[in-house]
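Structures follow.
Look at the two complexes coming up: chain A is in both, with chain B in one and chain C in the other.
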Partner chain A sequence: MSSHLPILLFLVPFVMGVSMPILAAKRRSWCQHLTLGTFGLMLILSMVNLQVVLTEGPIEYAFGGWAVPVGIGWLDDPLAAIVILTLSFVSFISIIYGRVVVSSKLEKNVQYYTLILILVSGLVGVVFAADLFNVFVFLEVAALTGYALVGAAGGKSLVYALRYLLLGSFGATLYLLGLSHLYVATGTLNMADIALVLPGLMTSTAVAAGLIYIFLGLSIKMALIPLHSWLPDAYANAPSSVTPLLASTVTKVALLAWVRIEYSLITPGVEVSHVPVLVLLEEIGVFAALIGGALALIQTDIKRMFAYGGISHIGLILIGVSLGNATGFVGGMFYLINDAVMQAALFMIAGAVLHYYRASTLEQLRGVGRKSPWLTAALVVVAVAMVGLPPTGGFFGKWNIILGALEAQHYFAAFAVIASTLLTLGYFLRIFACWFHQPASVEFKPIEISKSMRISLGTICVSMIVLGLMSDSIFQFLLASVASGGA
Partner chain B sequence: MVELLQTWLQRPNFIVFVILFLWGIYIMAAHPNLVKKLIGLYIVQTSVIFFLVAFSAKEGATVPIILSGTTSVNPLDYANPLPHVLTVTAIVVQIATLGVSLALVSAIHKRFGSLDEDEVMEQLG
Partner chain C sequence: MIRPHDSAIVRTLGRIVIPVAQLFGFYVLVFGQFGPGGGFVGGVVIAASMILAILIFGIDSPDSTMARNILHGDGLGLLIFAGVGGLCMIGGGQFLNYTYLQIPNLDQASQHFIGIMLTQIGVAVDVAVTGVSIAISLSFDDDEIPQDEGTHG
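This part shows the complex of A and B:
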């Protein structure tokens, strides 16, 4: 039974998403509860899955009993298991949160919940897939539902959703082109198999071109600077109820897909025509982390500011995993999990402020802090985590990335992590300056923050601190899994 | 230079792929009309599918179905089915993308009364 956990984790949201139009056809108000129940079940299953993977070792799932590489394989290792747990947790919390801010048009819309469920099942597929083509299919499942969800707000968001679709599909096409290059060169699509064949083929231009296409395609999906232009507009205009889920998971999972490819195919010291690939990737990460932070600092719209903050963190994670040592890699992966939770929390706060006070720009935020202790407390916790102070998880992730950079003697990368931290501090100071400012002419009425909002904000803030407190054990098992060859 | 041209001309399929790919990108980037942008995207996706089919082509090979279990199998007689399977799946993904994108375009047309990107952006301000 426990060997079927990966496929169960995929099927639970998928089957529910497909059958939602039938189940909730007569009773539209059931949608929300059914979705919440599904994610609750997924949360329990993913905890069991993590437990099983940690005690009994990674699960290699072969579809239909066809052994890899003839069949399609899924790999459920500690990294995948903890990312799935994070994904289920964020989905569960964002549905609870969505009860408050969801617009009346979407609240009882069956299709809206179907899209959310299928989005999550697609993301689960990307995390587990050990096959390049499988990654492509699930990325597209997740991306297509993502486009539709961004456009679900109507009005402006439609245009930005179409722009996201044009860029995203182009990225997916580049990825397909890249994987077909690798298939031509190696004759297999299974990542572990390619990793066996590839070291002897690094001089081949087909392999180099294939890896470049795959990287470019996934860079669009993960919004790596300079291919990030779709993200701020799309997430600033998407429905507030679904932005926490989209912002925290879609780009991170695309990054995880790249990390798996990078980790198994590009070993430290690999050079393509005298260019050390990992160092190049690290420099791209440095560039993204610094430019993203600087762009966040100059925004006036809070959702756009948070979106750029997320873009800069993608760069940080890329630095961590490209350092070529286990410390940096584990730091990067731990930061990826933290970043998913932090992005969800940030967009929950931005959505709540928009919902209760109709405030979306820094100017409109003036004086909000005096009226809402719940939101203020949540913002302070997220700010501490984003800037990276103990005891939150953000600190331990960044600390390990810096340690890894020092270990690899890449002092510029270590400097970039610290500089991006300062930029993060800069834009949070801008927010706080407005948040606690004397109210301008308009006086806010104190508003009762509803119970669902309190639960979701409270849980997500506690989880950020729990991640920090448990960082040591998470590092231990990630390190053990890296040392044993899997990632 | 002549040698390079000669090696290129020996691979007409790949030249067609490159032309289609770049043409599609050009349409996506240059045309302000949203439907034409989608056509450009479609051409880019189709060019990659063409690439998949082109490299899997094999002369004198047949469908990879073994009729009797007794005769020994010579792999050279059969076409590789995997690129074709990838092609079919990629086409399905392409159609799904087209469906979502056309739905978005028709919603944009309903909301803004125009399919021209410049006019729509003007209304957005």
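This part shows the complex of A and C:
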């Protein structure tokens, strides 16, 4: 039965999402519990999956019994397994958290929960997919539900959802164009199969153009600077209850799709018309990390600030995976998992502040710190993780990226990681300055933080520290998987 | 807002064309295994026939009953698809491996036939539902669509 785990992980949220309109037709209040139960089941399955993958090796799942180059295959390797575990965990926590901040309009809305479940199943598909076309299909499943969820708050958010839709569809079209180039050049869509044929074809203009189109398309999806413009507005105006899930997963999974393509198709040192591809990607990452951090520093709205923080971290991860050595790659991947958890925590705090104190800008945050120990503690832990101090996972990710950069003797990349860390510290200092500052005019009433909020904030903060403590074993099996050729 | 068409020619022709289109859609769906066609195309043709009924007779008319009712089946096609795949998994094979489809007293060829047929029907149902609901949501305001007590909302 264990060989069916990948498809089970996909089917659980998918079937539940599809049958939600029937199950909850008469009792709308069941939606939330059913969704929570589904993600709980997914969480257990993904733990089992990680255990199985680590003990018995990667699972290759061939749909319909057709062997891989002919049929459609999914690959469940250690990297996929741990990303799926992170995804299930973040989804589960987001729903617990969503019980508190969800607006009354969405609370009993069947479609809202259906969209969340189908979003997660689409993301699971992207993570497992082993061929380029499957990645496209599942990216679109996830993106289409993402557009709808961003617009679910109504009002202004619809405008930003429409912009997200236009840009996202443009990205998907570019990706499709690029993949058709690769298909024409190689005659196959399976990533492992393409990787066998491609090294001899790197001089072909069609292949280079195809890879560029794929990269541009995925850059829009992962909000890589300068193609990030849809993200801050979309996430700042999306319903608070779903932003932790969207912000932590959608861009990261698009990045993961690119990492798989990059890792299997672009070998270190490969050059297209005298341009070293990996170095170019690394420079783009440096640019994104620095500009994203600087843009976060000048924001006044906290959700937008956190959104730009996420954008700068996408650059950091891209630096890590483009260094061309295992240390940097593993650091980047570990940071991707960390960043998913940190983004979820950041948007939870932003949503909670908005929910309890109606505060969304830095000015309005004045004095919140004195009234809410729970939120303050959570913010401090997230800040430590975002800046990258030792007990948390953020430190070990950044440390390995820097080590990888030094190993590759790319000192500018190492400098960029440190500079973006300083920028992160800068914008958290701005938040803390307001957070602990005596209120200028309004005095907040002390508000009872509900139990669901305490559980979700507490769990996610603990998980950031646990990721740091477990970093060594995670590095070990990621390194083993990189060394054995799969990633 | 779409109003019923009052031209006798359109209404009479509609009564002739719609059943033929539906039959043709069903043929394309079933024939998909032996030639061009299949669930997606068949679903589109069936959806087109129902949209035609809405355009000619209006959404409230008894002739559009099928188009109104099919909106409730939005998850049904996917459930058929996933259900067939799940039955194959229960039988011990991979998802959608029809060799393991557990239907007693069938040889392997028939298992494959039934399996692919059912999944194609699932695809057709969903494509038809999507087509009709796109047409309806583009042409009516929310409060104009006649609904039964909140099962689809």
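Note that the second predicted complex is superposed on the first by the 487 of 487 C-alpha atoms of A that agree within 3 Å, B and C clash if a C-alpha of one lies under 4 Å from a C-alpha of the other, contacts with A are read in each partner's own complex, and residues count from 1 in each chain.
Please note the rule applied: a contact is a pair of C-beta atoms (placed from the backbone, for glycine too) under 8 Å apart; a residue touches a chain by one contact, two chains touch by 3 or more.
Treat the numbers as computed from the prediction; the structure is a model and nothing was measured.
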Considering only the touch criterion stated at the top, classify A:67 as touching first (chain B), second (chain C), both, or neither.
neither
Examine A:147 and indicate which partner it touches, taking first as chain B and second as chain C; both and neither are also allowed.
first
By residue count, which of the two partners contacts chain A more extensively, chain B or chain C?
B
Quick check for you: in the superposed arrangement, does A:14 touch first (chain B), second (chain C), both or neither?
second
In the superposed arrangement, does A:159 touch chain B (first), chain C (second), both or neither?
first
Touch test for A:137: chain B only (first), chain C only (second), both, or neither?
first
For chain A, give the residues common to its interface with chain B and its interface with chain C.
none
Chain C-facing residues of chain A, complex:
4, 7, 11, 14-15, 18-22, 25, 61-65, 110
For the chain B and chain A complex, residues of the former touching the latter
25, 28, 34, 37-38, 41, 44-45, 48, 51-52, 55, 82-83, 86, 89-90, 93, 96-97, 100-101, 103-105, 107-108, 111-112, 120-121, 124
What part of chain C is in contact with chain A in the complex they form?
74-75, 78-79, 82, 85-86, 89, 93-99, 150-153
Residue set of chain A touching chain B in the complex reads 133, 136-137, 140, 144, 147-148, 151, 154-156, 158-159, 161-162, 165-166, 169-170, 172-173, 176-177, 180, 183-184, 189
